Amino acid sequence: MTDVPHCPPQPNPAGLRRVAVLTSGGDAPGMNAAIRAVVRTAASQGIEVIGVRRGFSGLHRGDFVTLGPRDVANTIQRGGTILLSARSSTWRTPEGRARGARHLRAHDVDALIVIGGDGSFHGAHFLQQEHDIPVIGLPGTIDNDLYGTDHTIGYFTAVETALDAVDKLRDTGASHERIFVIEVMGRHAGHIALDVAVAGGAEEVFIPEDAKDMNSVLDTVRSSVKRGKLGSIIIVAEGYPGGATGVAAAIQEGTGMETRVSILGHIQRGGTPVSSDRILASRLGEAAVYALMEGRKGVMIGRQNHEVSYTPLNETWEQRKDVSRDLYRCARTLSI
Amino acid sequence: MTDVPHCPPQPNPAGLRRVAVLTSGGDAPGMNAAIRAVVRTAASQGIEVIGVRRGFSGLHRGDFVTLGPRDVANTIQRGGTILLSARSSTWRTPEGRARGARHLRAHDVDALIVIGGDGSFHGAHFLQQEHDIPVIGLPGTIDNDLYGTDHTIGYFTAVETALDAVDKLRDTGASHERIFVIEVMGRHAGHIALDVAVAGGAEEVFIPEDAKDMNSVLDTVRSSVKRGKLGSIIIVAEGYPGGATGVAAAIQEGTGMETRVSILGHIQRGGTPVSSDRILASRLGEAAVYALMEGRKGVMIGRQNHEVSYTPLNETWEQRKDVSRDLYRCARTLSI
Amino acid sequence: MTDVPHCPPQPNPAGLRRVAVLTSGGDAPGMNAAIRAVVRTAASQGIEVIGVRRGFSGLHRGDFVTLGPRDVANTIQRGGTILLSARSSTWRTPEGRARGARHLRAHDVDALIVIGGDGSFHGAHFLQQEHDIPVIGLPGTIDNDLYGTDHTIGYFTAVETALDAVDKLRDTGASHERIFVIEVMGRHAGHIALDVAVAGGAEEVFIPEDAKDMNSVLDTVRSSVKRGKLGSIIIVAEGYPGGATGVAAAIQEGTGMETRVSILGHIQRGGTPVSSDRILASRLGEAAVYALMEGRKGVMIGRQNHEVSYTPLNETWEQRKDVSRDLYRCARTLSI
Amino acid sequence: MTDVPHCPPQPNPAGLRRVAVLTSGGDAPGMNAAIRAVVRTAASQGIEVIGVRRGFSGLHRGDFVTLGPRDVANTIQRGGTILLSARSSTWRTPEGRARGARHLRAHDVDALIVIGGDGSFHGAHFLQQEHDIPVIGLPGTIDNDLYGTDHTIGYFTAVETALDAVDKLRDTGASHERIFVIEVMGRHAGHIALDVAVAGGAEEVFIPEDAKDMNSVLDTVRSSVKRGKLGSIIIVAEGYPGGATGVAAAIQEGTGMETRVSILGHIQRGGTPVSSDRILASRLGEAAVYALMEGRKGVMIGRQNHEVSYTPLNETWEQRKDVSRDLYRCARTLSI
């Protein structure tokens, strides 16, 4: 690393020399930016990085690659994850984790960074508990439903992708004076739905956090037509009971008006990450390496109120992050 | 029009003084550019333009607006249609057409320009036959399935929108090593599917024009995995029997591999038109006015081999435009 | 407003009945979303809105329009400002402000909302001081250089537009192994430059807030080539002494390597606003109306740490918002 | 190649066994799609491909890599060129070409495919003449100024990128009622400028193929303001004498109106290629391999009127492709 300029060494009381990194669960735009930040921050500190391919499934099988600064060149703008991801059930068992731990020790790995959602943090948590391997979690999921960080890596891009689709659907919806019921991602949380609804000028938004009175929705739709609106946009989080299909059926039955359903699906996971995701991922990847050097472990690194924050992994799934109630109210006011 | 500079008057043997324009059927990006071109070309020639709102349904009800050059300012880049569209069954009856004709005559309209697909041209054709009102058709449909023109207005944008979605799905598909089966628009024709497949680097493409041997498809998918491909993209036109859902089920059953279905749907209709659609629409809108001034009628105006072409309206639905067989073959070669 | 559903009345101790709104200074994406939020929030509370066209210049001339909920339909996604903007020197004089105040009183306007930067807030501040007309400022500028809010309306879109250009330039830069020196907006502040540099994976970033040692920059560039990087991206804020042209000349002279300059310019002001700008503008527009109803005045409404904040107008230009020093350091680490 | 399915062998009377490919001159979006098509078509026929890095400069130095079907995976959507490009003066000399020829023979290369513009075809032409190595040219340049093909690889994307910038500038220009004079690429030809002008709804377009009467332009601008247009867009090809800067100065002096200049520059070279460029590149890359197998050489492969065409290399620079005069006239009519 003699050639790397200008990066002052940080204190390394933990004596970190080699760290592994993996991506797990559903992929999210910005994961590559996080990997890159881990690799380059580590390199600037003389620490080596091992990439684990295919998440915990690869950890279990020892599917490892060495990652240097040039290996992550030209990846910051790429969607998906160069380390691949997979859903795995092996790490759910003590045996699976024991195998993973053996692979890590055999490669002289001092610590593991896991980029993913709370399901992935579960696995990481038990790995640390059972095998005393320090782990750090980075919030990588489009759903933004992790306690302990204002935003998750991938969230901003998913909102932008969904919003772009809503803008397109409004064009055609307004031309035909139709009601479009659009389902966005969010199995347990309405963060994406709410942002898309406000930014997309939607008539109504359905989120898992709140049950709607369907009669009041029907009133809104009818009154909106009376007020001369051309077409309506209604956003439904996938986790709302019945989904977009259920909501559309209820509206069509209740008002007799033509509705169309659009389920945006997996496009929300892909694509070039927007700047906010790249920057968040860069900051968190950097912070993860420094945290391990300082001896931190068992925490998810997030950003809250523009500061780095450290949340014990178990709190990320035990506690719950609510949607912004202010924004939920605002969505209603602005749709008149 | 005294202030309009530099537009030399064209011969007007037909004595055209006032023309009506409407958009009909499914909306397509670029329809506004076509309306704008009709309005401005007419204005440059001292001809007035009446916009008919909501397609044939509005024609039937006399839903008319006057359109001057400033009314179409800042519309060339907008998706949808400022004249609105609607599917109507009234013009299918002689009575419906008679009512529309009365409205046109009451407003001193000399001729009608219809922007839409072959269904809309049907109505236009009979209006001219029964009421001697000259009509001109402009090909406005994303499906590109109109005989008599190399491309239709909206087609290029629809392909680009679908391709953008495919690029995003490939990111996530490759990260998870999954097979994505993506359904694009095209009820009767595989033009969009084929272009998207070639441009998106798809493994396979299913179009209504050609029945596939499913065993051979399964071989392709299996061999693709064997050759080390991360994830596969398979494109299906909505008009292929079974659609994406059917194809995905067959692949999953036949290979045991995990597949995901994505139905892109109406987003393909919306959005800012790409340059090719705006330019095509501008050229065709201009040509429509000149054609009526020259006394042409009962034809669709298209472009073939970079020249304006005139196709009798009935041929647009009696004849069939095939997909490019060369490109279909090329798609296969390049997916290895 | 009897038809508007579900919007509970807020306390209105100030007795607000009619409010004016204007956009001033350089336009920023999201200004329309802010206008829309003001209009619709007001309408939900039975308050009328007057739009002032062409900023303070229009205020001075009484260039007013009434704005109802339907007038702002389909504007949330539009760049620019439907109220137009202008740079004006008339409001800098007491006479100019007196004329504006007379127009406002003649139209029974109770308060004025000004969407713009600190220059515009100056005018608003003196208008209130001299004529006792309550004013509220909303931060509308792409530069993000306003004290009293974490982000300004338009900033997120400007960063995204500049980043998109950087991604494109990297493609061609890497293919030719060239150094691209790219100038982004920011006359007094490096916020855009810094975000774009981190998100764009730039080698170096030059901001007005910090003078660089050019020798160290030359070392970085040389070492980057030695480490096998294909092409380099260097970001320069327009306010850095010499701009991109000066930096490029110094690099070319110092290293003998081929450099290209790209000055992104006004494209950074335009375009469909991204979700973050639309949401921020929606929240701030809503908060502005409620603030006036509560009797607040002479403040800029911002958001800090996810809460609405109120900053006396004069502080917005007397105090200074620094760039994130953490991010500035991070930019360096991640470019190795 | 035993595993490659379904690609019927083509006749190979030329006995082609190994072909080299290089990209040369300014890079263009879609070059990677062309390389990919060459590699995969060749592989499907049992022919090996050698990639030459850094254009003729690399040919001269023997900078070669082997390219198999997996090496070009996931490249169809990437801007730039994975083979890198360079401007080289070595191949302009007989000695330079002789060295290149020796390298090709030493690697048993039977033929060379050159992707670039007419400058690059010059080099290829002499290489064939002097050393009897069959060469094929593929038109890769954003300028679309090559005789012998309707469109060149990269042209469609460059137009789209420039148009996107124009759409953004119109937002801000209309908000400030300014005249924007925008310079697009095209040193010798106005193809990009003309398409962008029509699609962008520009007031005027200046192309190298036609000298404008500046007085008439000033009339247009003045009359446009009189007719109530908010802001004007004027497009200038870089090859027009004086460029955008000269045109803007003349307008400002002649009308006293405020003008802004925007020079779009190199962003027009980069970015993900649009579908039309990917498809064109795919078709041409495939055709290049088949052409060599059939024994063709010394020709550029293009597409004209939807058919593959073969043009002797020397004609590509000796003959000239004009812009569409119809479209040039249309631009004027539609800007009223």
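Which chain is which? They are A, B, C and D, in the order written, and residues in each are numbered from 1.
As a working rule, contacts are C-beta pairs under 8 Å (C-beta built on N, C-alpha and C of every residue); 3 or more make two chains touch, one makes a residue touch a chain.
Here the structure is a predicted model, which is why all the values come from computation and not from measurement.
Colleague: What chains do subunit A and subunit C have as common neighbours?
Modeller: Touches both subunit A and subunit C: nothing.
Colleague: Given the touch definition stated above, what is the smallest step count connecting subunit B to subunit C?
Modeller: 2
Colleague: Quick one: subunit B and subunit D, Cα centre-to-centre, how many Å?
Modeller: 28
Colleague: Using CA atom averages as chain centres, what separation in Å is found between subunit A and subunit D?
Modeller: 39
Colleague: Can you work out the whole-Å distance between the CA centroids of subunit C and subunit D?
Modeller: It comes to 37 Å between the two C-alpha centres.
Colleague: Two or more other chains touching the same residue: where does that happen in subunit A?
Modeller: Touching at least two other chains: 167, 170, 174, 230.
Colleague: Which word fits the touch map of the chains here: line, ring, star, complete or other?
Modeller: ring
Colleague: Could you list each pair of chains that touch one another?
Modeller: So, checking each combination of chains, I get A-B, A-C, B-D, C-D as the touching pairs.
Colleague: List the residues on subunit B that touch subunit A in their complex, please.
Modeller: Of all residues in subunit B, those touching subunit A are 23, 26-27, 29, 78-81, 84-86, 161, 165, 167-177, 180, 230, 260, 262-263, 265-267, 269-271.
Colleague: For the complex, which residues does subunit A have touching subunit C?
Modeller: Contacts found on subunit A: 3-7, 36-37, 40-41, 43-44, 69-70, 73-74, 76-77, 150, 156, 159-160, 163, 167, 170, 174, 195-196, 198-201, 216, 219-220, 223, 226-230, 272, 274-276, 278-279, 282-283, 286, 305-306, 324, 326-327, 330, 332-336.
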